[in-house]
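What follows are several structures.
After this come two complexes, each holding chain A, first together with chain B and then together with chain C.
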Partner chain A sequence: MADGAAMFEVVKPGLLTSVQDLGRPGYYHLGLPISGAMDRFALIAANRLVGNPDGAAGLEAVFLGPVLKFACDTTIAVTGAVMAPKVDGVEQELWSAFEIKAGQELAFGTLKAGARIYIAIAGGVDVPEVHGSRSTYALGALGGFEGRPLKAGDQVKIGAASGAAKLGVSIPEEIRRIQPASGVVLRAMPGLYWHRITEESQGSFFEDSWKVAPEADRIGYRFRGGRSLDFVPRKQPFGAGSDPSNIVDSCYPYGSIQVPGGTEPIVLHRDAVSGGGYFMVGTVISADMDLIGQLQPHQPVRFESIDMDGALAARRDEKGRLEALGAFLSG
Partner chain B sequence: MKTRYSFGGDEHIFVEIDEEMSLEAFFKSLSMSKAVREATIAGVTEICPANASFQVRFDPDVIAPEALLTRLKSFEAVAETAEKTIDTRIIEVPVFYNDPWTHETLMRFRERHQDPDATDLEYAARINDYPSVETFIEAHSGAPWFVSMVGFVAGLPFTYQLVERSRQIEVPKYLRPRTDTPRLTVGYGGCFGCIYSVRGAGGYQMFGITPMPIYDPKAEQSYLKDLFLFRPGDIIRFKPIDREAYDAAIADVEAGRYEPKIASVHFSLDAFNADPEGFNAKLLEALDG
Partner chain C sequence: MTKSTIEAPIPGTFYRSPSPQEPVFKNEGDAVAVGDTVGLIEVMKSFTPVIAETAGTLVAFHVENEDAVMAGQPLYDLEA
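Here is the complex of A and B:
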């Protein structure tokens, strides 16, 4: 790695670190999901701190931070989960911009809360755009750095910085999303194939406490621990398959909650499979999608029923968070 | 058929044309989703046709959910009275049935299968009342298929055969999904065929493999510059090939000179229903012409 070149080298990749921006909409009808940061607000905040446009590509790392060695002087911001960034061992503040010099290493402390950190670098991560986005879709070996998460030894280019970094400010806690520890509530609109389960199961789904299962990734989050769902008896329609949880394969909305076999709900996320043959009880509202990206395995979660008016109000609240961020950084 | 509408959270509307699969439901879903696309409604960001349903993604900051729902319902009458015709493509998919790679895989996962003592092809032939694997392959490759949906993963086509319901092949999925499926496996589950666009987990029965890439994230094949081969509404013909033809096609793919056989065709559901075999023969002629 040439000294001074606009790039960094991956010394340790962490558990799963990938290049993500705000995603690649427009190809879901061909099975290509939107991808992009699971916690979009955190990526936007990190980008704004280093003077990038909201949609610049950064790094998303889950549970364990990477170690990156920089070949050039640049500015960095880390947001999202609580995991302290360190420059050559010196701890830096989260949710604020800091400088790193050529030859220095960025590493991270242990995860204290949340699940995913977002690393923005002034100028953004410079990998080729595929269909308008730099996001990694690992299942389809597309986008990001060579279509995959980062590996040790990768040399990753950095783009040219376009705006001024906000050095010396820290985004106040009331604007950040509080990293959930307990009492997490995911708001969901019942619908899609909600009518397939009995009234009793419609009640238990929202009453029961669920736990995030170990199978929780960018495709979807699985939950377990609640009562199994019972189905309204029917003769299975032609083409639907024999299990009562099967339907004629349909599209899956982002955030939709499928329950294969009626046992463990799966909420689809940014790398969603676009369709399939499992019935869905409803959909987690857009305002709570970022939050899912910060959940850890074994964390207790409840689903709460919400109607469209409530979902739109929550959406406005999230927009308010973004406006507060804008006001703070320009003030 | 009774059309059912449901919100999928604050950003999606799900439109189910019918609970069960049929060519009629597929065609209505395709023409309704096409009408929605052509209307270019502000705030609608994605339109995804599926087998007997479709999904619209929208931005509720641009169009109110109830307003969009009303708008979508207005296309239902149009779709019902519209001529059930489509100008589309027929694409030949060469298939090496009973190939060594899917065979190796199916043997590796035998304990997850309904019939551990038979191959997937033997099992599918038997439960669909075909006297032999050969006659089953004749049925599978003898009539064309609609691409009724593209999805699950990038570029994967679900296919539905253009035959009367009594002749539809039906097979259950594996008892427990495999953790591995070769890329480009020609599979089958329920009443749907598929071609696995990437290597990975899967539960469909495995009948063979095609040498023709259908999804190319690096855009290296000349015919895959926009990454995907299939669109919902395409028609497919599976053509049986032997090992020699398979190896020759693979060599062409590796040299970047493979060209799929594609022809333009006009499909009319009424004309098909009046004479399925005669209509299919004409469809296939387009490829041979």
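Here is the complex of A and C:
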């Protein structure tokens, strides 16, 4: 790695660190998921702190931070989960921009809360765009750095910085995502297949407490611990599987909650498959999808029923948070 | 002798042996060297070894085999 070159080297990749931007919408009907940051607000905030456009590519690291060695002087911001960034061992503030010099190492402390950190670098991570996005879709070996999560020894290029980094500014806690220590609620709209489960199961789904399963990942967040759902008897439709949770193959929306066998709900997330033969009990609203990206395994969660008006109001609130962030950073 | 508590680096399911048929990596009372594997944590369908960064004697486990662990949860006590 040449000194002064606009790049960094991966010393340790962490558990799973990938290049992500705001995603690749427009191809889901072809089976290509939207990908991108699981917590978009955190990536946008990190990008704005280092003077990048909202959609610049950064790094998403889950549970364990990477160790990166920089070949050039640059500015960095880390947001999302509570995991302290360190420059050559010196702790830096989260949700604020800080400088790193050529030859220095960026490393992280242990995870205290949340699940995913977002690392923005002034100029953004410079990997080729694939179908309009730099996001990694690892399952499809597409986008990001060579279509895969980062590995030790990777040399990753950095784009040209805007010079508009907000050094010395820290995003106030009230604008950061509030992660309730307990009692996480995910709001969901009952969906097209709501009629497939009994009235009792329609009640229990929203009453029960569910826990994030350790398998939860970028493709889907699996939950367990609530009562199994019972199905209304039916004649197996032509084209559907024999299990009562099977349907004639259909599209799976981003955020949809499928419950294979009626036992463990799975909320499809950024790297989801786009269709299949499981019924969906409903769809988590867009305003709560970022929050899912910050859930750790075993964390208790409850689903709450919401209607379209409520979902649209929540989306406006979420937009308001972005506006508050913009007003704070330009003020 | 100083006692320290080692915490889970990541959340997941904790395993004390490489597979159900094999013996545990470490028993209470065993010596632990830097770089030794003390257990495994399974998360996102992959297994990550818990590697000792400090040498000493493993005094006690705080978690059982197959227990759910959160990041930062105490895993074992070490006397050095």
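Please note the rule applied: the second predicted complex is superposed on the first by the 329 of 331 C-alpha atoms of A that agree within 3 Å, B and C clash if a C-alpha of one lies under 4 Å from a C-alpha of the other, contacts with A are read in each partner's own complex, and residues count from 1 in each chain.
Assume contacts are C-beta pairs under 8 Å (C-beta built on N, C-alpha and C of every residue); 3 or more make two chains touch, one makes a residue touch a chain.
Worth saying up front: this structure is predicted, and the values here are computed from it rather than measured.
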A:V156 in the overlay: touching chain B, chain C, both, or neither? Say first, second, both or neither. neither
Which holds for A:P214: it touches chain B only (first), chain C only (second), both, or neither? second
Does the superposition put A:G255 against chain B (first), chain C (second), both, or neither? first
Using the superposition on chain A described above, determine whether A:L186 touches chain B (first), chain C (second), both, or neither. neither
First (chain B), second (chain C), both or neither: which does A:V284 touch? first
Tell me the contact category for A:G140 with respect to chain B and chain C: first, second, both or neither. first
Quick one: chain B or chain C, who's touching more of chain A? B
For chain A, what residues appear in both contact lists, the one with chain B and the one with chain C? none
Would you mind writing out the residues of chain A in touch with chain C in their complex? 15-16, 62-64, 110-112, 214-217, 296-299
Using the touch definition up top, name the residues of chain A that touch chain B in the complex. 25-32, 130-131, 137, 139-143, 147, 188-189, 191-192, 194, 237-242, 246-251, 253-256, 273-277, 280, 282-287, 308, 311-312, 315, 319
For a test of understanding, state which residues of chain B touch chain A in their complex under the given definition. 6-12, 14, 16, 18-22, 45-55, 57, 60-61, 65-66, 149-156, 158, 165, 172-173, 189-192, 197-198, 200, 215, 217-218, 227-228, 230-232
For the complex, give me every residue of chain C touching chain A. 7, 9-13, 42-45, 48, 68-72
